[in-house]
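Below, chain A partners chain B and then partners chain C, in two separate complexes.
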Partner chain A sequence: MSASPDDSGRFSRNALRAAIVRKDLLLFSRDWLFIALTILSMTMFVTLYYLLPARVEPGFELGVRGSRLEPILEELAGGEEEGIPLRFFETTDSLREAVASAELDVGIDFSDDLLTAVAAGEQVTVTVFARSTLPPEYRGAVSTMVREIAFAVAGHELPVTEPDEETVLVGRSTTPVPIRDRMRPLYAFMVLVMEAIGLATLISSEVQQKTMTALLATPARVSDILLSKGVLGTLFAFGEAALVLLLVRGYGSDPAIVLVALLLGAVLVTGIAMIAGAAGKDLIGTMLLGMLILIPLVVPAFAVLFPGSAAVWMRAIPSYGLVATVLDSSVYGVGWAGVLPYLAMLAGWCVVSAFVGVVVLKRRVVEL
Partner chain B sequence: MDQPAIAVSDIRFAYGETRAVNGISFEVQPGEVFGFLGPNGAGKSTTVKILTGMLVPAGGAVTMLGKDVRKNRTRIHERMGVCFEEKNLYLEMTARENLEFFARLFGIRRYDAAAALRRVGLSERQDDRVKRFSKGMRQRLMVARALVNTPDLLFLDEPTDGLDPVSARSIRAIVEEEAARGAAVVLTTHDMSEADRLSDRVAFINEGLIVATDTPENLKLEHGRRSVRVRLRSEDGVEERVVGLDGPEAGELLKSVADDPRLMTIHTEEATLEDIFVKLTGRGLV
Partner chain C sequence: MRIANALLFAKKEFVLGPRALMFVFLIILPLAITLVVRLVFGDLLLTPPRLGIVDEGDSVLVSMASEMDALETNLYTSADALRDAVAAGDEDAGLVLQPEFDARVRSGERPMLQLLLNGETSETDQTVLLVTVVDLVRDVAGSPAPLTVDTVIVDDGPAVPIVDRIVPLLVLLGIAFAAIFLPASTIVQEREARTLHAVLATPVQVSEVMLGKGIAGFALAFGMGALTLVLNGITGQTLSLVAVLVVASVMSVEVGLLLGAAVSHMAALFSVWKAGGIVLFAPAILFLFPGAPEWIARIFPTYYFLGPLYEIVVNGSTLGSQVIDLAVAVAICAALVPAVHLLSRRMESRLALG
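For the complex of A and B:
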């Protein structure tokens, strides 16, 4: 009846790992809830992409920074309903960043001592940030606006001198980017997150149901199990994220850059899935833990939707490298040299995530 | 005597400050069924985990099939089958898929799952997912899984747990067949009658130590009291007496009972393994 093991006299560890991968694929294919959620979310992301406008409507939005000037500026802008949309900024840097990222057309930075300097008859400098693609007529309007403001502040006309034009900002692009294109990193990362949760629950059920113990009573080693699950999880996450980006035309001019970023992102979330799968006390606990770890990682993907909102600390979030690479490559056409620091950062986090994941899962398996 | 299939020498293991196994030694020969008996927390599960490679002992040595377990884990596991107490099967897979998967882990290319399932009475349900199986059916599948690689070392933890009498009998028959084939069987159970029926030798384990090892018969002879229980008709109904078989007057006493016209039945009375365990350790098995 049963054949003897080891027919050839040599044990194939790769065949053993392949058997575990096949088994996990079979279990994935029978998890209808997981399959339905995956298909639904992927369809939703792609549909959303095509529903959102493909180009940015032309308009003029003005950003201003200047303490105690809000009432004067609001009046000059013509009010909220009919006039020029006006946004106030707290700092010069945030104003500069908003123009650089094409969120605003023009930013006017009034110095803090403007009122006292004008009252004392001293010369003051007003800095205007403008996109290079701003039409000439808009430049004229801005110049007029500055004169009007000077008149309103001083109570009489002041001699306004326009300095030579100076390029003070270099952004990735001077063309406004539609929000649907800025959402590409978000689509990709959300798919990776979903796959990570799926893998975490698979690992968790293996631990909870103690099938892991049964595996370890065979020639399979802990390293075989971890490698099999790691490879399957990474390929699954990578494959789905790659498909979604293909459907939303997210590969830009150099698809290899985006593919490398997605592969590293898949390794990152697989490590996290191992941590959540091993540390969660039950299925719900695993999902909650997974969400708890993964939600902060989505922050950079949301931040790129609102240019100017990305703070410096956000670069420390492990997923920042993935988001920055996908955005810069697919939207702004940045090449390898430009994204290399991001990819290096992401690769570093991958090593940390995979190492911690393997250690936590290995410890849990040994405790069984 | 042949080289022992399992040789355990002075193994020790502690969970933190708690000593679970405190210097255990025993041997199991090929073709022998070795019953491992003890209450919960006595150290038998830890011992079996050490033998199956789940735990590494803090001291001592374990040799299986002539090889050091620590240095030859894969080689030994290729020839080992384990039936766990927990029904750790893949519930979303069918019975056949479960067995075929484990066969592949052992590197078996042509595995006859249908025959294996027929042996444990599950051939009709081979393509049903295990989540639809009863506790008893899962237990039978666990036994079938432990035999996938035709093991030389077979570890069975409560193998008839949850089985009806007919199924339990068929599993006991399989254990005997495996031992007859030459497999060394380590049986862990709370069911003393089952251990008595199946085991060639038993070991009592208590507080991390083996307190006695021998054949069930020898243990009963050594630690039990030979006696017969006699039932006699009386004016009030039935009178019961226990007549000892040891001592110089035992023969005459037994003859007088046999000649008594009121005699209804006479049964041998022997100590059970549980009685002996209680006697040796001062505690029960559960």
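For the complex of A and C:
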């Protein structure tokens, strides 16, 4: 430490805290393995983001054999650009083989005389080849499509009037959100979790090696040590998560919202790191305890990968506010008013986490 | 190297292991994660397209829709509540049936179809919902279909729930903790506690200790992998699954021994674990999303046992069809053997130097 006393021989509290932070930063900066692996893990998160598809892939591809049916089929399947992709086959055997070899999940084999038979009012049978892994809802939908084709061929109009697309589509987005964009909160939270476990093990090693006790032999108080560790842990976690989100274009229209959420998230995990660091009996115990606390917190980040409202119990998980804010701001462009309840909830959990973390760690340091 | 000594060390790991908190954690953690993941995500992966309905009259369409396996139907009391549910993504689609809907359809009046679709629902599901609703309306109208549909299942694979896509991730969790983290951390711990130095003063070789830890890690990993499969109700194709689990456990143990021999202190091991986690788990996470390109997963070495596991568990493939990927995994295992040997020798030299 390099804090210097003032003229009266007293040490400024802030100078002491800054000195402790500098000492820890120096220790981190000398650990090349830590630096290299931190950069590597962040690079891999970003690489994974850009490798994942930028659009939502269709649930299945439909194979079809049948002459003169292409225009009707393409209209029913949702058009060429969207909906269910179609692939046309020349023979029944080639269609069946494509499905059997898992090239396709399902194929429709229309008989050559379908058009004339249906027009003449004769009952015909159409064969649908499906794989056992095709979900039943898709299997049923394909059968339904076949019947609709027959109605269209027979000239039966729909018994209802179809609304236009603008009236039908509702929701926060009128197009499906690619999974890689929905994963942004997961990236951010995983980075925070990794840093929290790193901080917990650092605290644990200092507790075991009695470095913290040694610091108490200096003018530094317990509160100075705890504050320094808290600030350092928060800044590290926040800095890394902010950088990763910047690289995966996760700031949306108002970057300040995401930055505030990340800062609060960093405080939350730092508090947890203090709890795990103080409670673990050794490094392994600390890491496992940290994981045991942090794994349930990752659940909301996985849950938002699927559209729909979160269950009440999931909203009660401390990390939900962070995940919801990052998702709403970066994907849906929600403003301050929309995310304020989430941020307030997250801030509340931060207070709890930081308070418990400080109390537990202080007790441990004093015991030493 | 004497195998008997290695087996003795493996036995020691099992006898003394359960006394250590870490050992218990490493067994409980994957099982707890399995339970949580199945509870939390099981429903999300299983749910068919959801259709919310408001029936302002007394339409038979409601009971017809609720009998369909292809849909999950939920009833709402007002059009506004339904619109909110669809907009929030709680329903993939919403259908408002006006008073006298059935009678107007049957009379050929062609009432407006009041259908709402959630914009975020996949285009495939939107098409499925639209076509299904239209089909239901045709049934209400009493229009007999001009043809019959014969569905032929062309493979003999089992009908496996989609939720089983998550199984490779759960199996990997069990194996990775037991086969990678356990041997690596105990080796590093013993180096830090200098118990490995003490071994050098006996006729026992460090390589025998390493092999003992490897055997213990392998047995535990294989057991955890098998237990995870059983807990998830995967019991068919036993021989194929055993083969995949053996390869997975061997590769993981080798990685664990490599780490244990290469890393000198626990903090460094955590750093490696932190960065290496994504390499281990990326293929298993990608399997959750069928749209993700397979070539991305193939970049990662764990794909070569996770891929066959996924194909066997989810697609009902045979081991024969997965032999190339599994052969690559075996080749990776073989390539790791000299690396483990070299690093063990280097570690032994360093221990001898103090």
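In this section, the second predicted complex is superposed on the first by the 235 of 368 C-alpha atoms of A that agree within 3 Å, B and C clash if a C-alpha of one lies under 4 Å from a C-alpha of the other, contacts with A are read in each partner's own complex, and residues count from 1 in each chain.
Following the convention adopted for this analysis, contacts are C-beta pairs under 8 Å (C-beta built on N, C-alpha and C of every residue); 3 or more make two chains touch, one makes a residue touch a chain.
Please read all numbers here as calculations on a predicted model, not as lab measurements.
Contacts of A:Ile272 after superposition on the shared chain: neither chain B nor chain C is touched. By the touch criterion defined above, A:Leu226 lies against neither chain B nor chain C after alignment on the C-alpha atoms of chain A. Considering which of chain B and chain C touches more of chain A, the answer is C.
In the superposed model, A:Ala141 makes contact with chain C only, not with chain B.
Residue contacts after overlaying the shared chain place A:Lys210 against chain B, while chain C stays out of touching range.
With both structures placed on the common chain, the touch criterion links A:Ser12 to chain B but leaves chain C unconnected. When the shared chain is aligned, chain C comes close enough to touch A:Leu40, but chain B does not. Look at A:Val177: by the touch rule set out above, it reaches chain C but stays clear of chain B.
Taken together, the two complexes place residues 31 of chain A in contact with chain B and also with chain C.
The touching residues of chain A, when paired with chain C in their complex, are 31, 33-34, 37-38, 40-41, 44-45, 48, 51-53, 56-60, 76-78, 82-84, 96, 99-100, 102, 114, 118, 121, 123-133, 135-141, 143-148, 150-151, 153-154, 156-163, 168-177, 179, 194, 197-198, 201-202, 205, 281, 283-285, 287-288, 291-292, 295-296, 299, 302-303, 306-309.
Partner chain B is touched in their complex by these residues of chain A: 1-8, 11-12, 15-16, 19-20, 22-23, 26-27, 30-31, 209-211, 213-221, 368. Chain C contributes residues 21-22, 25-26, 29, 33, 36, 40-41, 44, 48-49, 68-71, 83, 86-90, 105-106, 108, 110-128, 131-132, 134-135, 137-138, 140-141, 143, 145-160, 162, 185, 189, 266-268, 270-272, 274-275, 277-279, 282, 289-293, 296, 314-316 to its touches with chain A in the complex. Within the complex formed with chain A, the chain B residues making contact are 52-54, 73-74, 77-80, 82, 84, 86, 88-93, 97, 101-112, 115-116, 119, 145, 147-150.
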